[in-house]
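Presented below are the structures under discussion, each in the form of structure tokens.
What follows is chain A paired twice: with chain B in the first complex and chain C in the second.
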Partner chain A sequence: MEHFLDSYEISLVVKAAISVIMALSLNMITGFCGQISLGHAAFQGVGAYTAVILTLQGYNFAFATAGGMISAGTLGFVVGLTSLRVRHDFLAITTMGVAFLFSGIVEQTKALGDTDGISNYPHPEFDPFGYMVMTLTLAVLVLAISIYVQRSWMGTAFKSIADDEDTARLLGIDVARFKLAAFVIGTAIAGMGGSIYAHQTTIIQASDFGFIESITILSMVVFGGVGSIPGVIIAAIILTLFPLWSQVIGDYKLLFYGGLLFIMMRFSPQGLSGLASDAVKWARLERRKVV
Partner chain B sequence: MTEISLLVQGLLDGSLYALISVGLTLVYGLLRILHVAHAGFFTLGGYLCVVVTNATGSFPLAILVAIVASGLLGMVIYRLVYHPILRHPPFVALIASIGLFIAMEESFRIIFGEQGVAYIAPPLQITLQMGELFLPISKIIAFVAATTLIGGLGLLAAKTRTGIAWRATVTEPEMASSFGINIINVRYLNFFIGSALAAVAGIIFSLTTNLVEPTSGDVWSYKALAIIVLGGLGSMKGTLIACFALGIIEAYCTTNIIGQIMNRDAIAFAFLIVVLMIRPQGLFTKR
Partner chain C sequence: MSVLKISDVTARFGGVTALEDVSFDVSRGELLGLIGPNGAGKTTMLRSITGIVRPDSGRIELNGKKLNGLPIHQRVRLGLAISQQLVRPFREMTLLENVTLAAGYKKTRRPLRAILALTRRSNRTRATELLDLVGIENHGGALPAEVPLGVLKRMEVARALALDPTVLLLDEPLSGLNSNEARILADTVVMLNDLNLTVVLIEHNLSEVMRICERLVVLDNGRKIADGTPKQVMEDPFVRTAYLGSVEEKDAAT
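Here is the complex of A and B:
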């Protein structure tokens, strides 16, 4: 069957779709519920390792992915429990600690291939195009879940916790339950992203899910505008494809990321969505001036 | 005997942690910002010391250049980066700081090269032997420098007018301001001293390893953050105790079963998470 995309373009689409999934899953925790996480890639890693181990045992891709989601979500539940104990800056550093614990333990464990990682595991029997369609379908599903959660009562509760946790508690919102829900949903989706990632590449290593990767995901959320679904999706796509397309930016990828994060925070802490709403306001003002 | 050498090792590492964490605690105490980019000054201090020593042949001059340049850059960073975003929620400054740190590391890579730099003729490479104990002189200097500098800082804060102004600003910024203290100057001083101390730590690091790479500051950055959180964020006493506790715990744990399960960096964070679960406010807190 002839496709209109070559294999390189297909791999780009899959990469971008994985980024969208990861960014939306972090947006659930950091954007909707206001709980900062500096270790999100660790959950992707847990999902990826679980899924790969399950495929090595002979289970199919769907089952392995579900397993990855469950293990990542379980770890997310535990980290969610810590978010009930510590807040703000303390939580940021604790989640950063989770990222270092993940790579620190995986790299010392023989069964997980220590620093060499795991390779030579079976891949699902899709052709690349089919894999791309599946990834895109899952990304759309995650988008649908995000929109659903945002519009539901749960989304309102999340928002109240993000705005002011103490007031939310005063209003009778079960803060602990909703925080845990945000962490479990977000990290389980990250686990799914991990499984998709692992079955697209041929080798997984702890360093694929390190602190810098966590920051990369966070920068997508921040660049897009914390909590804004369209902003986060656009940012995830731009920040994934830009470094791959342009070789100059590719070489200075980290400088680009670092500079971008810094400049965005310095001049527009609301990210792309903030810029967009500013632009809309400005355009309205201009129109009024003309009339 | 190994027990004692582990203890000594732990105290020596702890003193290096102390030099770098003190500046971080000062910034947090004053501005409530997690200054991730602080370790960038550690790396900068190391680089400048190596490069200037190699270029001029004078180690003391290199130390002076490294400390003053890092301190001044710290003030510039405060003015350009933190000052304009203080009114935003704390995560804005945190993410800006992470971005700045990544950008600083990449700048080091571009300016000084991928491979890192080393001394042509490394100064102070003597190892003292005491019984079965081998002590590199650079680590002893680290210990002496850390205790002297931090002790000096304590005296400055306790006895001088500047120190009183400084402490007043940390405790009650508005009140201090209404008593005629220039808060902005206090912040500049804070960043100068903090960054200069990080540079001192970087210089000592360059002596012990004789190699400074763009990513040399990574581990220190994250560990120093863990340390100040452990110490209770903003508490100087807690930070210093946490530094030495972590140094000793790392020295012991790498030799036993915990060291087989996880690597050295993970131990620091495992310790942090355990402590935070028991005491969410850190080991010591002021309020």
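Here is the complex of A and C:
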């Protein structure tokens, strides 16, 4: 049963599922609540390092992952506090600073293996297939949380803040608390993604969670259509597999993502989901023309 | 009994004094017009009440509770609601969703409360009633971009009402409307006031203000220059000068 996928295919599925988790977690902050973050991979990194340190201490994977979520979520709370003071462009710069700060601190800290990273840490006792099933299950759980939040009153409040936070305040919404909630939920889930990532590979380094990774995650959210759950999932899968599938795209990954961000912002700011709804509208118009 | 009490409020922006020692009370169930020429400080007064502007000194009380220092959302939860001069609908939500969000204010009090709340049927029903009350029930399913300004102005009023306010603040609700639309909306304001809602109305449309308000407070250059019935106020020499002055300035400008 477990051999209809070879180990390479299994690793691809796990990578794609981690991307989906990361993209959905950023979507909580940027898509739902309208707060841009250019440093999201740093939270994944904090989750990864925390989880690895905990597994090195002898704790099991579940406990280590929970630890990673708590530390990433705590940092997310602190960064979220800055979102209360600055908006838009300045928040982008601040969160970018977090990404560089993370790399800077980790690469200078001996206990975290500085630039060499950490390796030789225990891995959970799943076979690759079991690990894939677990990762997929967690991705589905994150998807369920996303859908739930979007449908709850929290999602509605987020949407109003993303649209016009001054007016949200005039409707009695405590904008600061809701933004912090978005940051904490989103970054804690990113911490979970970090732990899953760390326990799939054999070594973690600060560069795995650098600025480029943050931009990659942001590209997924933008390409999918900011706020659209199905769009973001599809974009996360495509943007993870394309560079692996095509050597050319893999070699020019940055150029590819950068170009994609530019093209989407220029021609379809609503991303894939925008393109899809435009197509539906166009099809309806065409049908009317025929009738 | 006064429900809103403004005492000696002064607000300065840099070297400009926008409000200077302004005091007035608003009684429960009153429809008060706050008028004055351009730049008199009316909007600053309203913004000081809601907390968008923090006055340098003075005291603002709602139902005997001091509002100074409280953030905007808390003032709203104590019973203030405002319909702004420039309409600010949430563009991605239909008019009904806009009002429903406000009607669910108890559910959006705290994130934890909000994440546990899913149902919105009762809030939607309430929002539909309010759209009906302001006469735009047919537009509930439309997005803000699809309806004319007059409808959006009404939606803003409905959205403010959805907060079950003690005092409704209206900042130039009639501006940008033609005389017919203005008259209809002004009648709606009177109807709301008849439902025992306290209303503070800022308005440039003097003929409608004179028609519907029981009492007027007149500001000029940040100071209160008159307070009384429309008739008393309009006979006041200071008010006449303030308004004629502004008329001359307007003539000079054109």
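One rule holds for everything that comes next: the second predicted complex is superposed on the first by the 289 of 291 C-alpha atoms of A that agree within 3 Å, B and C clash if a C-alpha of one lies under 4 Å from a C-alpha of the other, contacts with A are read in each partner's own complex, and residues count from 1 in each chain.
In this text, a contact is a pair of C-beta atoms (placed from the backbone, for glycine too) under 8 Å apart; a residue touches a chain by one contact, two chains touch by 3 or more.
Just so you know, these numbers come straight off a predicted model, no measurement behind them.
After superposition onto chain A, the modelled positions of chain B and chain C are compatible, with room for both. Contact with chain C, but none with chain B, is seen for A:L171 once the two complexes are overlaid on the shared chain. In the superposition on chain A, contact of A:V149 is made with chain C only, not with chain B.
Between chain B and chain C, B touches the greater number of residues of chain A.
Aligning the two complexes via chain A yields an angle of 80° at the C-alpha centre of chain A, spanning the centres of chain B and chain C, rounded to a multiple of 10. By the document's definition of touching, of the two partners only chain C reaches A:A181; chain B does not. By the document's definition of touching, neither partner reaches A:W282: not chain B, not chain C.
By the touch criterion defined above, A:D163 reaches chain C but does not reach chain B. The gap separating chain B from chain C at its narrowest, counted between C-alpha atoms of the superposed chains, is 11 angstrom. Of all residues in chain A, only 36, 82, 85-86, 88-90, 92-94, 96-98, 100-101, 103-105, 107-109, 211-212, 215, 218-219, 222, 252, 254-255, 257-266, 269 touch chain B in the complex they form. Chain contact summary for the complex, chain C toward chain A: residues 50, 52, 71-73, 76-77, 81-82, 84, 88, 90-93, 97, 101-102, 104-105, 107-111, 113-118, 120, 159, 163. Those residues of chain B that touch chain A in the shared complex are 32, 34, 81, 84-85, 88-96, 98-107, 110, 222, 225-226, 229, 233, 260-263, 265-270, 272-273, 276-277, 280, 282. Across the interface of their complex, chain C is touched by residues 149, 151-154, 156-157, 159-160, 163-164, 166-167, 169-175, 177-178, 180-181 of chain A.
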